[in-house]
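Presented sequentially are two complexes of chain A, the first with chain B as partner and the second with chain C.
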Partner chain A sequence: MRMWRNFVDLGAGLWTTLRQLGRISTVSYPEAPLNLPPRWRGRPTLTRDPDGDERCVACQLCSAVCPTRCIELQAGERADTRRYPLTFRINFSRCIYCGLCEEACPTLAIQLLDEFAFSKQHHADFIYEKDALLIDGTGKHPHYNFYRHSGVALGDKNKGEGINEKPPVNVRSNLP
Partner chain B sequence: MKHVFYLDGQEIPFVPGQNVLEATIAAGQDRQIPYFCFHPALGSLGACRQCAVKMYSHDSKHPPRITMACLLPASDDLQLVTLENDVHTEHREIIELLMTNHPLDCPVCDEGGQCHLQDMTVQTGHSVRHYGGPKRTYRNQNLGPLVYQEMNRCITCYRCVRFYQDAALGEDFGVFGSRNRVSFGRLEDGPLESPFSGNLVEVCPTGVFTDKVFRHDYVRVWDLQQGPSVCPHCAVGCNTTPGARLGTLRRIRNRQHPEINGHFLCDRGRYAFPYVTAHSRPLQPRLKGETSRQEAVLRQLASRLEEGRSGFLGSPREDLQSNLGLFALADCLHAPFAAVTSSWAEALAQQCLALPQAPSLQEVAAADRIVVIGDLDSIAPMAGFAVRQALGRGARLTVLASSRTGLARKGDYRPLRPSALRDQVAQLADDPCLQGGRVPVLLATAETLGPSGLYALRKTLEKLPANARAGAFVNRPNLFGAAYFAADGHTERLQQALRQREINHLLCLGADPLGEDWGAGAWRTLSSGLEGFALLDMVDSATARAAEALLPVAAFPERAGLFVNYEGRIQAFAPVYQREAQVLHSAVHGSGFPDAAGGMKHPLGPPSPLFWLGRLAELLHVHEAWQKRLDFYLHFLCPAAPDPDSPGVLLPDTIRARFEIATLPLPPTVGPEQWELDIFRWYGGETLADTAEDLQSLAPLRGLRVHPDVQAASATLQGPCGQLHLPVIPCEDMVQGVIAIDQEGFAELGLYPGDPVEVTWEQEP
Partner chain C sequence: MRLFLMILGMLLTTVILLGVAGFLVFAERRVLAFLQNRLGPNRLGPLGVGQALADALKLMSKENFVPDFADPVLYRAAPVLVAFSVLASFAVVPLDQHFSWAGNWNIGLLFILAMSSLNAYGVFMGGWASGNKFSLLGAVRAVAQLVSYELPLGLALLGVVLLSGSLSLNGIVAAQSLPFIVLQPLGFVIFMIAGVAETHRLPFDLPEAESELVAGFNTEYGGMRFGYFFLGEYLGMTLIAVLTALLYLGGWHGPWLPGWIWLLIKTGAVIFVFFWLRATLPRPRYDQLMGLGWKVLLPLALFNIMATALAAALWRLA
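Moving on, here comes the complex of A and B:
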């Protein structure tokens, strides 16, 4: 009885092998491109909001959460008081594509897109500056614009004009 | 006897008179009680209802009840609980109510990372807002260059008004509106007028008030390098925490010192730090005005010193070790040395040091009879703050000054000409303004009172009860440290040597004898006998521009050192950061491996004065002797050097006693018809602070302040060292017959406060 079971198992294994005959399952990466799932975690990029302005507000949450401490940025202030990253750099020889920065980012600015394997001659070339990180699209979130939700006034958005906001109160009023 | 109560079964010690929350915070157990409106320096209000605890009664008759910890006086064996569900529900619900209208701002809010509201919200576990309706909004006000307002974030804890109106006695800030529309600010947009406005930033537990100067070069607190330092902008010596990143200084925060500044700082201390990053700050050694290699400058300077015809000039603006280092070098080379630039300032320093032990600011705040002489707020603002605290506790204040100063409006004001101050001070012992008090305190601005006035103050003090105290203030951090060398007419000897051509070269440390230092007028004449001079300094000054050799030195947060404050308290400060090149773009700075990448730093910063002096001693082959002398003096002055984190050590009385022999300096004689000079300063003005742009945008106009009964558009003043033409600024608050000008003006004229002056009034500006 036991012996009979062994023969069946052996036969099943052999059948699995024989079934593959004639099929090509080796991917000739990198010549052939990979078909990556949509939630693949490649290297981080900086995206723009639907209005085309950079999303990042230089809040430094991504650099704080990064376990390899490979993100460094310096905040700047534009003439219209909008905070933006004056410099933003990621050292890709340290980044481990963990996606924690993406998860921490309150403005959905930093997003892990699909590039993940790249090689360079020098370590220093792995340090991507803001011009290399900032892409021209919204990434995975086409509609979100942080400043529409936050309470600060900015550019053409005045106090009380954000999403779910009342008009500014009249502080001179003493009405009950 | 040790008093304790129990919080969740843990013993919490307390001092009778404390409330439960206060004792819990002091014991470091405040993670268990969230709170907002309580502030250790402002007390309890019971407005936010956040600090709930459950109290079990001693007997079993009364059921346990929930009450506010900040309003519950601590008593022995009190049984309190926070770990029960109903307490926790109360905490969570209150914070949810406070957060109903709170904007989604943390990413763009400068408070983030140091926000009390964030901490408390996370601590109580409130994470989902049940309210889905529209949120209340406010328009912001522009409150000037120092404080930024974002009113939406307010939780109406009232800490800001309680600080601004009740503690700092400011009048231009308050609460407006009613019910859930209350708003905190000024009646109209405009800069905050109080010299303590910057404290709003620290007092406000949310991001309503944030630091506007920091905002322009912002970095989250978790990325800041911070360390213990001491404010270098006046003789009070408040404790500070500078914060730096990537080799640049970003902000100054208060560091609590219970006996000096408590929880606060003045705006000069908080906002004057950009002297460190000022464009004009010298960073490279210079030889004859050209940037040069450090060795070349050192060698040139050493060869000068080798000629043996050099004098040495220290400064009350520099720290103790640097002055001692210079003194030791002068000693090794048998050269004349002085620590201050004029005999008048030397006498002033001596008289300051001869005063008996000055009261700490904590003691000033506890005084009940206070006499202030001169404009204290503009010299040592935190001393003025301590006076305000005393006023809040019911003290009686008398102000003797030649103009109605900010403090004068809060107490009895006696308008006096500077020459009359001295006599008035001499008679204070029998004056009604000091009678009937338990703790009389006299506070003087040293320069207004002058050496002879300080002498009179010391004599008055001898006649007052033994617990009477006096303090004298200057806007230099280390006059008391520099005063040790002021004992024997050193300045006169140095100037004499120069006059008689015994020396033809001068090595100055942090001094500006050709610019605005006292006695600069005389130095300008004397400098014709100089064949060149060298300067070690951290700011650009008239002297720095004229110096043959300029050696830049590290700013105070960039190095270690000791300051001696007005009480004779020796306080240490530690290097907080290293100035370094900021790698802005790694591709441009090829080798630049940023900090985050574990890369190289590029030290850029100039070294400390001691480094330069040590190198000079090496080049002159006297290094060993120099080091020995330096160690000896240092050990003599402070046998146990304090740590930067300690409260500091007071100078031994034996050292003070050396100065008590200081005799009565000759007061200037002024006729009743003559115009008298007094000094005009403002709270943000000081040599280093003068290069801080944001703060200086508030500076008052330069001019000559007189009572408006003078009909003139401008005036020319005549002094022994030159003349000065200034526009006239009529000023209601001035006493008649007195002209107030800034220190630069005095330097130009060669006169001192209280001196008579010749004026020509002119109708054209």
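Moving on, here comes the complex of A and C:
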């Protein structure tokens, strides 16, 4: 009886391995495309809003939250008082791809997109300047434009005319 | 002239067998990978076949190193003995009715058994001469295993010999109008299990047992000396597979295709079973291995012979 059970178990084991024949889970990566998960955290990039303007307002939050202190930027201001980064520098030999900068960013400008395979000969080559960081696309949030939501007046819109934006309250009439 | 041609032919046979062994190393890695959801070596050449060549070149280009603490003569002789004994066994293996060196030799099967015993000497010499504890343990295990599994192997073969009335492989195949696996199912199973143990392949690879004995009897071997052991192992597997095909699966008998292709197909199928076993089964404990050999396989093999003899006698009476 016990021997019979052993034989059955043996057969079951053999059948289990045979069923796996040809069910290959290896991805031949450089030749075959890699299917990255949607929340993949690759290299941080600076994105633009749908109108093609850069999203970053140089608030320094990403730089402040970065645990490895690898983000450095200088703020500049345009004639219409809109702020932008004069320089934006990320040292990727220190970046740990934690994504905190992406979470901190109020304008969804800095985003960890899907680039992950980049290697250099020297550490110095890992320091990316703004022209290398800024991409032409909108990244993960194709329709979001910070200035269309915020209560800031732009060239073509006044305060209170944006998306989900209420007209400004007159503080004097609002008194109790 | 005739002698010269014969030597040339033997050389050619040997080279082909070495090629087969190299290819089997590659094939095993590939098949094993497919059974384990992997791809295996697929870079070099079509489907990765070039990997066999690369492995061989790597082994050949390595230094032939003899450790200080090893017995230099035996250390050098052991791998050659292992490779020689297996290669010599192939002399009696017929590829077809008229295509073999000594297929008609009336003690062919005995010769193969003798050579496989010689193989055990080679393994033991290698482990002993290495002067290493792991090697010695591996060698002791190898000898105990080979000796205790040679008995059921030989006794299982005796059933085939009883049925066919011949010890030459040609004669045995000629006697199989019905493949002997039908008449000797128990003998077939015993032969397969004992064959796996005889070539010390997984799951009965206790002489090598990477996870406990480093590499067993070939721990101290490197380069082409290790290559010889490797060759011996893979050719031994081929030998057992060919024997299974010849003795139990009807050899070159089969419809439509030429005989030698049938033999190759059957051999390939048996070799696949070897790979399959390797991918599936874990290694037993040593006492379990010995227990299986002496307490299960040997009595079963004896029973098989008695039953075969009785059936044959009754058949003759009737």
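One rule holds for everything that comes next: the second predicted complex is superposed on the first by the 141 of 176 C-alpha atoms of A that agree within 3 Å, B and C clash if a C-alpha of one lies under 4 Å from a C-alpha of the other, contacts with A are read in each partner's own complex, and residues count from 1 in each chain.
Keep in mind that, in the parts below, contacts are C-beta pairs under 8 Å (C-beta built on N, C-alpha and C of every residue); 3 or more make two chains touch, one makes a residue touch a chain.
The structure displayed is predicted, hence computed values, not measured ones.
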item	value
Partner chain(s) touched by A:G160 [first = chain B, second = chain C, both, neither]	first
First (chain B), second (chain C), both or neither touched by A:T87	first
Which superposed partner A:N170 touches (first chain B, second chain C, both, neither)	first
First (chain B), second (chain C), both or neither touched by A:T17	second
First (chain B), second (chain C), both or neither touched by A:L61	first
Partner chain in contact with A:E129 - chain B first, chain C second, else both or neither	first
Partner chain in contact with A:D114 - chain B first, chain C second, else both or neither	neither
Chain A: partner with more touched residues, chain B or chain C	B
Residues of chain A contacting chain B in one complex and chain C in the other	none
Complex interface listing, chain B residues touching chain A	103-108, 112, 132-140, 150, 152-153, 176-179, 181-183, 215-216, 218-220, 222-223, 246, 582, 584-587, 590-597
Interfacial residue positions of chain A with respect to chain B in the complex	57-61, 63-64, 69-72, 74-75, 77, 83, 87, 89, 91, 93-94, 106-107, 123-124, 127, 129, 146, 149-153, 159-160, 162, 164-176
Residues of chain C touching chain A in the complex	34-39, 42, 276-277, 279-281
Interfacial residue positions of chain A with respect to chain C in the complex	10, 13-14, 16-18, 20-26, 28
